[in-house]
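First chain A sits with chain B, and in the next complex the same chain sits with chain C.
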Partner chain A sequence: MFITNYIKDVFGALKSLAVGLKRTGYYFTHHKEIITEQYPDNRDTLVMADRFKGEVVMPHNENNEHKCTGCTACELACPNATIKVITKFDITPEGKKKKAIDKLVYHLELCTMCNLCVVACPSDAIVMAQTFEHSVYDRSELTKVLNKPDSKIMEGIE
Partner chain B sequence: MWSFNKIAGIVDQWLNQTFNPTWALVFEMVIVGVCVIGLFAVLGLVLVIMERRVAAWIQIRLGPNRVGPKGMLQSLADTVKLLVKEGMTPAGADKFLFNLAPYIAMMVAMLLMAPIAFAKDFQIWNMNIGVLYVSAISSVSVIGILMAGWASNNKYSLMGAMRSGAQIVSYELSAGLSILAVVVLTGSLNLNEIVLSQADGWWIFKGHIPVIIAFIIFIIAVTAETNRAPFDLAEAESELTAGFHTEYSGMKFALFFLAEYINVFIVCAIGATLFLGGWMPFHIGHWESFNHIMDYVPSSIWFFGKTFFMIFLIMWFRWTFPRLRIDQLLNLEWKYLLPISMFNILLITAMAILGWHF
Partner chain C sequence: MVEEIGTTTEGDLIINVGPQHPATHGVLHLVITLNGETIKKIEPHLGYIHRSIEKMCESLTYRQFIYVTSRMDYLSAHINNHACALCVEKGMQIEVPARAEVIRVLMDELTRIASHELWWGAMAMDLGAFTPFFHAFREREAINEIMEETCGARLTMNYMVPGGVMQDLHPDFQRKVKEFIILFKRKIDEYDELVTGNIIFQNRMKGIGYISPEDAIAYGCSGPVLRGSGVSCDVRKIYPYGIYGQLNFEEVLETAGDSFARYMIRIREMKQSIRIIEQLIDNIPEGDFVAKTKAVLKLPKGEFYTRVETARGEFGVYIVSEGGTTPYRIKFRSPGFSNLSALDHMARGSKLGDLVAMMGTLDLVIPDIDR
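Then we have the complex of A and B:
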């Protein structure tokens, strides 16, 4: 019946509001458990969540070698044209020409941290780093070259 | 004992002895004006910091903690920031109305202070139609809002103003009816007499169920009337523009902001006066000794305690409930609150006639 439904509506609404108030009232009276990170006070102890993605980097080993073959798969995968792979040809000891990267240019300001490039890379040459304090005064400082100067491709990566 | 009443009396006496009555009255008005403005400033600072603390605690955050001890000076710093900001008037706006609107909002708030009894025998103007005055003046605030939205030369502001206008006008009905509940029971429109009628218990206890219903409706309606969440449609439904005051900046925006908080204080003060006994200490019927002990707590503390309790309730709502859509909002008013409060007023009238209350 209309009237009973109406009354039920009103009481149901009041009850659900009370449930909400109870929850927030609990939080209000138990305000010791603070979930806020005290950044930047806790810079030294700050732990980032595993899934946090801050920028794309290319790890190098101790001999200044990386795993990038210059296949441009990451460049193709990137929806924002954030990565530019500039290739060159190296001469191998046997005298053959071999494709390698000259520069892997990465525009941090364009990156949405979507991780597609990392997934696309066949040789796991790039990974996501957890850095996050990226602010700079000049936009050009956000354009980075991921391979270090004079770095070489690791042995055995094709 | 030290009380507001005595200080006012001493000042009044001194002025009347030193000057002739007309000048004494003029000076008293000036003093009252300055006091009200001072109260506004203090309230603004206190309520803003209180709101941010309540919000932080409810959301398991810390809230302001940088400026001053425990962040207590944060709202002062905000005020300084707002003062030095540029006050812009958009091109094509109706300059006169645009600049007038925030002052209207403040003026309404100031006028509403007049009949509120802050402590025993301490009232700016003890008028015998206090309740009527309050409901009449508070409906003027909608003019300030419509004026701001219209003069801004911005369609979002105009829509925001229309939304808040519709909201305020509709919720005024239920607010009025729930206020009427207490008026019917007391048989007086004088706020001071309403307080005195609660000497043997506050109406919320004496009037039991119907008055509790009226109290709930009152709280919902005034939350909507002060444009606060979950009824803050003035802040737009989904876009992040601030409704009717989108175009305001600097101090003019601050005046609107302040007016919102002052209005919260005022409606809570009125709610406390009507339902919770205003400055009347917690009395139970004829338990003389118990009542006497309660009288030792100063009346102003009772008043501000109850008012801040109600302010806390309204803040609690804000940080708990999700915002309503405009159709839900009008539905709530016209389909639920208004019929219920109409039925409730009948019940209360019957109760008053048959003497079912304590």
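Then we have the complex of A and C:
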């Protein structure tokens, strides 16, 4: 009885190994099904998903205008104090004082890409960019000012 | 002379077993008392990853604290987020739109498959096979791409918000998931050919790390570890949340209680997840993806608890609210913690070489254990 079981075991074992090896052989002859990405050699062809959360940016139009009103909703929404909105007062053509942003400081090194600031912004002034290669030699390079120099608020955004 | 298991006596060897699983990169270390090759006692040492997440949550608002939980069990990020969102919704009595409910379950089940895939690859690698690791990652990549398109991230999505989900599904979502289902059904048979039926794996897993149903309950195990001992404990079945109550799927149970049983649970569970996704993918209702909520959420005074079934077991969120915008106290009940506590019990009396298989089938994610 022992010997029959032993032989059965050996045959079972050999069969299971053969089944596994068949799989290995299949991939050995079907290179097309291997999908390894050759990063960073494929940088030119690499396409990131539209919604990929790489960093927060503030889009400007061709007249160097943005949509940020300086309401600080993004600053309040951020869980780890990544955004600091510094406001100033602009004088409108009518001579009235109006709140506007001076600087929107963004600390990329603190950002967890949670998207909460983008969702919180009432005027869609900030969006997520698809960049993902953020490594730099000096940490201070990761602190960014999102509004461009001398930029203004877009017409009609309150 | 037979020495007593569980005590250290003179002449015993005490060794440190360090990083062994990809998810335990230096943060879990086991102090093992050995008599020859027999394990007498295991003491897990943790601490290098502690971030006091629960304390941190006390200073975050109800919208903000959810994203922290993706960083705990990072392989079940969606499901953890789901639990937190459910707890806030329970407190505020927010009605979640039907479309959001379906999206949530789809995401949960995709996450479960992705998590089990990674476990399967890592488990096989622990036992000495390298090929399955790559195969698992190949299929997981398809899920990651789907996630990336819709949620914008591959691991820490932060996609579920109180009242629904953050963004609507990507237009390609349905097509890609259907492609994935076809791909996955073909590949899961390959998994069986490569690993499940393999005599070496079977010999290294069968009868290893046995835990009886009574002991598993006593240690507070949940998920595949408890169900591997034949105890019915799937939260999706016994305390249905979201739309799980209306879905058609089986609670996977195995009775052997050993490493192979836990292995089989996860393999079979992936098939059930596919079954759930198949039921929903063609029936995503139109409508809002998030309910209208106030900009600042305030939970009424009281205590709220919700639980979900993550890939590793029961995950619970307990919020004590004083009525403010931030929780007064938060406690997470994470599955990995209790599952790891049973390791000592499972391993006593077995050989050191078998420890790797036991740990592999526990499917540990350390930030989930040491919050």
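Everything that follows uses one rule, which is that the second predicted complex is superposed on the first by the 125 of 158 C-alpha atoms of A that agree within 3 Å, B and C clash if a C-alpha of one lies under 4 Å from a C-alpha of the other, contacts with A are read in each partner's own complex, and residues count from 1 in each chain.
The rule we apply is simple: a residue touches a chain if its C-beta (ideal position, glycine included) is under 8 Å from a C-beta of that chain, and two chains touch if they have at least 3 such contacts.
What you are looking at is a predicted structure, and each value in this text was computed from that prediction instead of being measured.
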Does the superposition put A:Leu17 against chain B (first), chain C (second), both, or neither? both
With both complexes superposed on chain A, which partner does A:His31 reach: first (chain B), second (chain C), both or neither? first
Is A:Lys53 in contact with chain B, with chain C, with both, or with neither (first, second, both, neither)? second
If you stack the two complexes on chain A, which partner ends up touching A:Asn115: first (chain B), second (chain C), both, or neither? second
If you count the residues of chain A that each partner touches, which comes out higher, chain B or chain C? C
Of the partners chain B and chain C, which touch A:Ala77 in the superposed model: first, second, both, neither? second
Touch check for A:Met128: first (chain B), second (chain C), both, or neither? second
Dual-contact residues of chain A, meaning touching chain B and chain C, are 13, 17, 20, 23-24, 35
Residues on chain C engaged by chain A in the complex (per definition of touch): 60, 63-65, 67-68, 131, 138, 141, 145, 148-153, 156, 158, 161, 166-167, 170, 190, 193-195, 197-199, 202, 295
Residue ranges of chain A in contact with chain B within the complex: 9-10, 13, 17, 20-21, 23-25, 27-28, 31, 33-36, 38
Taking the touch rule as given, give the residues of chain A at its contact with chain C in the complex, in rising order. 12-13, 16-17, 19-20, 22-24, 35, 48-53, 77, 79, 112-116, 119-120, 128
Residue positions on chain B within touch of chain A in the complex are 54, 56-62, 316-317, 319-321, 336, 340
